[in-house]
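Below are the structure tokens for one structure; questions will follow.
Chains: A, B, C and D, in written order; residue numbering restarts at 1 for each.
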Amino acid sequence: MAFDSFSAFITMDGHGPYVWACYAVFFVLMLVMMIGSVRSRTAIIESCRRGYEFQTDKSKVAATSAPSASFERVNVSQD
Amino acid sequence: MNAEARPEVRLASSSVGALAAMKGVFARDMKVAFRQRQDLLNPLLFFIMVVTLFPLGVSPEVSFLREAGAGILWVAALLSVLLSLDHLFRHDFDDGTLEQLVLQPQPLFLLILAKTIAHWMLTGLPLVVLTPVLGVMVHLDGNSIAVLCLTLLIGTPVLSLIGAIGAALTLGLRSAGVLLSLLIIPLYIPVLIFGTGTVAAAAEGAAVGAYLALLGAFLMLALTLAPFAAAAALKISLSNG
Amino acid sequence: MWQFFHKLGSPKWFFGISARFMPWLLAGGVLLLMAGVVWGLAFAPKDYLQGNSYRIIFIHVPTAFMAQSIYIMMASAAVVTLVWRMKLADVFVKAVAPVGLVLTFLALFTGAVWGKPTWGTWWIWDARLTSMLILLFLYGGVIALDRAINDEKSAARAVAVLVLVGVVNIPIIKYSVEWWNTLHQPASFKLTEKPTMPPEMWVPLLLSVLGLYLIFGWLACIRMQTEILSREQRTRWVKEFVMRGRS
Amino acid sequence: MRFTHRPDYGALMSEPLLQAVNLQCERDKRILFRELSFSILPGTVTRVEGPNGSGKTTLLRILAGLNDAWTGELKWRGSPVDSQREEFLRNMLYLGHRPGIKPLLTPLENLRALMAGRRQVSDAALRQALQGTGLAGFENVPCRNLSAGQQRRVALARLLIADEPLWLLDEVFTAIDADGVQALEALLLQRAAEGGAVLVTTHHDLDLPGMHKLTLGAGGLSDEC
């Protein structure tokens, strides 16, 4: 141990705030990045799953035909 | 159609050399630019205005201006080149001439080199010509002005060449102008450092030959590599559009 | 050989193999990093010149080292993207660029905070910090370009060109910044130059560098997996993988 | 001149100019077409058909080499296009949606610039080509003062002096009047008769004698599952 006491370890001869701030920011950012990466992975898996389930539901209903354009006037009522 | 009736294929007979093709590209860009002279003046006016901001915004004192003058002029020149880069390929992209450029049976990097040379003649070179006037306005001495002009003469083509890569990469994107600056400014830093450093060395009475040679080396490097990168980038951007 | 190369480029293959490595990468990385940091913070001797503030080195050097090596890795991947059009390579570039950005920022931040007790000022235009700042800009440019292009393939190839242009420039930038630095403030006090660093100092430093390297490996894997999943949503193997937990 | 060894006549006849094998193009996660294979034989006019969004323009851009987001094989006279890029470009003429005309330049200057990287053509020939597209008297008027149809005619003037056997024409009939359309149709047929090959996309009702058709599907989402 390079320090005589725990309080000496914390203050580090007055350099404590600098050292601890660095380590805090480092660990916070690393953690945020790591958790964020895990989360976005779960999120994408979740959204895929929902997509697949939606797909199977849709195919159960009916095989829809491709939409074709009719260019019919849409009646917009004025009153 | 039956096979007997099918005539023989006649392939394209001749082609022109790459140099003639480069001349064609260069001539067209020059012609287009001179049909729109106002656009030629814009980077120059911008250059002058940015330089004017420093005495107004920081200090009109002779000592400050003499010390910072070279840097101010270099930064202003860099920014006005940056400003003009957005147009390097954009109009050609919009009206379809860029497609036809890419489809010429010529090495694309040479055609881009020709376009970049035209761009430099229309922006970089006028800036160099204007520099002595502005140099006097920021109280640089004659020797410094001469060295500054020399560094800009070697440095601005590098700016155009590197800029061509950025312009090609951001072609057809939304907010391409801002993005272009973000991509390109970091790459401009070495040119800026050696450009202003050379003038600073000259002001201290040191020999500047070595520094100018180094700037020349930058130019050679940019001349050999940048057109290839810009050609690759251009193909990617066109493929996207 | 060629077949192996193609297999290496297959996202599906990567997905399987990376899943096996990842727990080890994470566990090893965290263990080594913690060992290095705790040793460095509590047990390594005090520096006779800078006092305890030097203990920032145990995270400053690893982040700075990683920030640079990630860019080099991205450049190698960019070559693979442009030459062989391997899908995995552009997935890699896209996945790790933000990690590089964060680590570069951390290197800058720790450097600046270290500067305060050492030089008495938060920011000094020191050659190292300045080139780190420029590296931060380069990372920012890469990410911005990637975001700006909608089409995945075009984005990957445009980014690859940009990364390569950047990597050609990095030595030039470094050299010019160092030259500029000596021009403006000759013989300044250097941060880390200690040719005779005792083993009690460099061993924990080595540990934390290795640890961060492994954690980066884990981050790269998981982020690449995310990217692969989103790109290959419509393939059968992703569907099987996603629906495995169900039914 | 160019070829010291000439292949025998019969082989030359059957050789396709351009061959596409298993083309697949995916754009924004949508497959435009897949397993698309065809040959373009000399002496043919081919119309590329399909509804909006089926990838007609994309196909032409791929063939021209402007779009490279595709997989498969493209062969120019039997060998891959990639290995003979310049040779291919020398023999291919592409006209796209955007006419490739600078609004600030005159038709003559535009045409001169377009030909600069390809072949030496005398000004007299350029003028004649412009006259052929009905632009006599407009040779020296800046193109921005011309109508959309006239601007397109400037681009079309290239067809009158073209010696490229392969033409890829994307929507060239747009903004062209009825007389112009008729003349253009004749021009395409003439090119085919001379041993060239023409690929054309159009919304105009084009039906030339002996015309081939290349129909693209409606595309669709790429669902492999």
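Criterion: a contact is a pair of C-beta atoms (placed from the backbone, for glycine too) under 8 Å apart; a residue touches a chain by one contact, two chains touch by 3 or more.
Keep in mind the model is a prediction, meaning the values are calculated, not measured.
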Of all other chains, the one whose Cα centre sits farthest from chain A: D
Of every pair of chains, which is linked by the largest number of C-beta contacts? B-D
Can you figure out the chain closest to the middle, judged by Cα centres? B
So what's the Cα centroid distance for chain B and chain D, whole Å? 34
Roughly how far is chain A from chain B, going centre to centre by Cα mean, in whole Å? 41
How many angstrom lie between the centres of chain A and chain C, each centre taken as the mean Cα position? 21
Going by the touch rule set out above, which residues of chain B reach two or more other chains? 239
Of all residues in chain C, which are in touch with two or more distinct other chains? 151, 154, 233, 239
Two-or-more-chain contact residues of chain A, please, as numbers and ranges. 52
Which residues of chain A touch chain C once you look at their complex with the stated criterion? 1-3, 9, 12-16, 18-19, 21-23, 25-26, 29-30, 33-34, 37-38, 40-41, 44-45, 48-49, 51-52
Can you tell me which positions in chain D touch chain C when the two form their complex? 27-29, 69, 221-225
Touching residues (chain side chain C, partner chain B) in the complex: 82, 134, 137-138, 140-141, 144-145, 148-149, 151, 154, 157-158, 161-162, 164-166, 168-169, 172-173, 175-177, 179-180, 183
Any idea which chain C residues touch chain A in the complex? 37, 41-46, 51-53, 55-56, 59-60, 63, 98-99, 102, 105-106, 109-110, 113-114, 116-117, 215, 218-219, 222-223, 225-226, 229-230, 233, 238-239, 242-243, 246
Please give the residue numbers of chain B that touch chain C in the complex, ascending. 162, 165, 169-170, 173-175, 179, 182-183, 185-187, 189-190, 193-194, 197, 200-201, 218, 225, 229, 232-233, 236-237, 239-240
